[in-house]
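Presented below is the structure to which this report refers.
Think of it as A, B, C, D, E and F in the order they're written, each chain with its own count starting at 1.
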Amino acid sequence: METLGKPLLPALLALQPLETLRRTGWVLRGIADPETIAGHVLGTCHAILALGPRVDPPLDVERCLALALVHDAPEAKLGDLPKSAAELLPPGAKADAEEKAALEVLGALSPLALELFAEYRGRSSREARFARLCDRLQMGVRMIGYRRLGVAGLEEFAATVAALDCSEFAPAAALRAEILAGA
Amino acid sequence: METLGKPLLPALLALQPLETLRRTGWVLRGIADPETIAGHVLGTCHAILALGPRVDPPLDVERCLALALVHDAPEAKLGDLPKSAAELLPPGAKADAEEKAALEVLGALSPLALELFAEYRGRSSREARFARLCDRLQMGVRMIGYRRLGVAGLEEFAATVAALDCSEFAPAAALRAEILAGA
Amino acid sequence: METLGKPLLPALLALQPLETLRRTGWVLRGIADPETIAGHVLGTCHAILALGPRVDPPLDVERCLALALVHDAPEAKLGDLPKSAAELLPPGAKADAEEKAALEVLGALSPLALELFAEYRGRSSREARFARLCDRLQMGVRMIGYRRLGVAGLEEFAATVAALDCSEFAPAAALRAEILAGA
Amino acid sequence: METLGKPLLPALLALQPLETLRRTGWVLRGIADPETIAGHVLGTCHAILALGPRVDPPLDVERCLALALVHDAPEAKLGDLPKSAAELLPPGAKADAEEKAALEVLGALSPLALELFAEYRGRSSREARFARLCDRLQMGVRMIGYRRLGVAGLEEFAATVAALDCSEFAPAAALRAEILAGA
Amino acid sequence: METLGKPLLPALLALQPLETLRRTGWVLRGIADPETIAGHVLGTCHAILALGPRVDPPLDVERCLALALVHDAPEAKLGDLPKSAAELLPPGAKADAEEKAALEVLGALSPLALELFAEYRGRSSREARFARLCDRLQMGVRMIGYRRLGVAGLEEFAATVAALDCSEFAPAAALRAEILAGA
Amino acid sequence: METLGKPLLPALLALQPLETLRRTGWVLRGIADPETIAGHVLGTCHAILALGPRVDPPLDVERCLALALVHDAPEAKLGDLPKSAAELLPPGAKADAEEKAALEVLGALSPLALELFAEYRGRSSREARFARLCDRLQMGVRMIGYRRLGVAGLEEFAATVAALDCSEFAPAAALRAEILAGA
């Protein structure tokens, strides 16, 4: 029998804007049509695939990937609030809004999708902390990409990368060093 | 003597992202590269130029234009938070963040720029209320534009236009009727 | 009663292309998708908001903004003719065409819109001359923006900025100096 | 010996904007990023390759292609002036400007390039008249392409196609009929 | 110590084009700037998150996600060859090229990345077959998205969806039905 | 009588994607929205118009143009396979696929279109060899264009230009020298 209980197509269509939504942080630095959320998510997963298997003690790398895949899904409802926006909102307001949005956009997919988001958000597992770190490192890799296209004035992004705490995951520190050497 | 006290170029560059920042509401409805904030602001001013001189008793139309011109300037720091985001933030949080952002991005231009923003925000003058109404009507005009490009599924925008209270400004009601007839 | 006499929606739709029409001058220098007319207009208004209140004796800054808002409206009918095109047309031909186009696209909005265009065009008021100067300075600010994205070969734009006569408005001279220092 | 007399690279770079310059006529109908001049030229050549060999008495089809290839080159200096602009300029002003621009941008390539432009412009040969007709028919083919993407309100373009005089070239009349049937 | 053995930054930069590379199949149907590979991959993962937990007997959903994440990585070296290209190449040639490209672009990340690609390619596990099916269903979801933007002439894509064999995974059949109902 | 035997409109529409299809080689180097096939073809023709009349003994320059015009038409069916893809396919596989695609997309236009493709492909005439050389040189001119926009890391393209054999056509060697001097 072909039934899913309630329809899934609307839930999948509601997530499609992640394919075209631009990362606001780059727009506010003058890059007119920068990477999309989808691009950022895929880049984060590539960083996980590169660094994850090198971490010791071993990580559940596939869990890391699953966590990264859902981490920006709330933006399908919220848009992409840059760091400069989060800082002007009440403490915790952005995180609360994201949780409510996740409940809607990921809850419509499956309980698993929501569970992954909650784990990512809670940073309670090593996998969640590692996925978050790779999310930050992806920004550095993207910054290097824009440098090669000629973009100047990205020091603020380099500073964010430099300030990342990589102490829990040694391979991340090595990539951070590579990024800073190229910045 | 050629001096502005402190430099103005950085303040003007900080506002340039409004030229390329896309209106998130349309992106979340599947339009990949919709109008920018600058496009929205100009369209709002066109509506003011069309309707303002028809309002009775007369409005200070140039004041309306000046109010409209600054009304989305905080987005240069915040990005464009769609209605669906504002609804998930604490009451007043978006407005507070915009005021803080305005202080920075408009305050760096001139006291006049800030004063205009405060008047627009407070809705205390007829001019401010009219500028706000034209901001909403522009969304309806833009919706008609997208309809003509073939876009379906914009009923939510039409409903917002239908719900606008135009009782204070009769010519606005006439434009609203035109939009709804074309929707 | 909800009537505007004749419909305004078509007139507003006819001006929407200003939101997407690209400034030809940048395209001809190799920038594929440069700022739009709407972006240019908004940037010009930001320059007015920054410099206008500093001018002595005082200007009617809101009038300046209103003049700037309509100054490129004829391009909704003509497209954006770059300087290199104007120079190959008979003397006055571009200006004449713009006046005819303004009659159509702005005349359909309101007599005020047309009156503003005529004042801007005539350069008879200090406000009109200041708005024109800010239109030119915006090009310089935009040029700095493109420099930071890596674009080279924009000397011609810098030369135009350098040649601007800012003697009537001292604060404009200061911004010009900032632009040239950054160019 | 490797010499071209004077350098050709600047002349070739000066023509590159044709690769990104958008056809203004479509922009003014609400299509944000329509076909480029290069796209239009290639489409015109495809129409020539389809219809040309069917014309009787036979045409010099390669000459037709060469004429089509240069026909919009002046736009690298002028931008793309839509029909609505040409109508507001003095009679012949657009054509004169194009000839002057051609002298510069095509003259810098070779005498042949200029000669082709002059023949196209003069409509003295059957080949020139046929290339011009295919330039017009390409607009119709492009219109059908936009229809299939959902764009409405292109009746004006269909009317232009319907009014084309195809009496000199029977195969062109057949394509015109196909376009109008699909419009 | 901060070392990865050999540098990872070049490998991550080499995969960045997946963020901007457009899916050729849509381009060849007239959609100028369609979804990117990154968008497609993310959409595929959303389908997995929606359908995967509903499959009985249970799947290793995280494994499915990991397989989907790498499945188009070779396109960073090959570009996106549409079905119409694969059909004109020798049998197996596209698959062979992808395996060689995977060796390079995924091999540079980690052995795990390569292993995932091999499993996806071999279709030996239920997880691999399910990930492949969701890759195909995402095309259907994307098609519905384009329909809503007004795009016509996508029957070929609907036919591909209709022909999908969903017998191994009942929930996929339900989504297929939803897509076809909306097509 | 208005008949073409079989309809030509579908054949012309099938070639329209060349107007928007991006050259994959640039995408894989990080340029998000590079030149289209149409842009590349027009640029190649400009190089022919510049260099062709300078070649001694004289070339049939119009034939060269016609050959260049069809040379990438198969990409309307295949997409743009970059050099890195061709190298991973069996020897001759890309060329074979292009011939089959040409049969379809150019054969639908006219026998002349196919004949031109076959001559270009066979390199049997001086005109075909010259058109091919100009196709390669256009890549160099385009590279200079991207350099001026700030793009770094294009050495691979410069190396390809440096390696071009221009011995048969002296003027081509001069342009190559200009490109390398600017690279």
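For the reader, a short list of remarks on this structure follows.
Quick note on the criterion: a residue touches a chain if its C-beta (ideal position, glycine included) is under 8 Å from a C-beta of that chain, and two chains touch if they have at least 3 such contacts.
Quick caveat, the model's predicted, so the values are computed rather than measured.
Taking the definition of touch as given, a chain qualifies here only if it contacts subunit A and subunit D alike; those chains are B, C, E, F.
Repeated interface: A-E and one of B-C, C-F or D-E share more than half of their contact pairs by residue number, and that pair is B-C. Under half of the residue numbers found at the subunit C and subunit F interface occur in both copies, marking it as a different-residue contact. Among the remaining chains, E is positioned farthest from subunit C, on the basis of C-alpha centroids. Note on interfaces A-B and D-F: more C-beta pairs are in contact across D-F. Chain geometry summary: the mean Cα position of subunit A and that of subunit F are 40 Å apart.
Centre-to-centre separation between subunit C and subunit E, using Cα means, comes to 47 Å. Subunit E and subunit F, compared by their mean Cα positions, are separated by 30 Å. Contacts with at least two other chains are made by residues 13, 16, 20, 30, 32-33, 145, 148-151 of subunit C. By the contact rule set out at the top, the touching chain pairs are A-B, A-C, A-E, A-F, B-C, B-D, B-E, C-D, C-F, D-E, D-F, E-F.
Across the complex, subunit F is touched by residues 33, 145, 147-151 of subunit A.
Within the complex, the subunit D residues that touch subunit B are 30-33, 149-153. Contacts from subunit F toward subunit E in the complex involve residues 13, 16-17, 20-22, 24, 27-30, 32-33, 76-82, 84-85, 88-90, 93-94, 96-97, 100-101.
Taken together, the subunit D residues at the contact with subunit F in this complex read 1-4, 7-9, 11-13, 15-16, 18-20, 35-43, 45-47, 49-54, 61-63, 65-66, 69-70, 106, 109-113, 141-142, 144-145, 148, 170-171, 173-179, 182.
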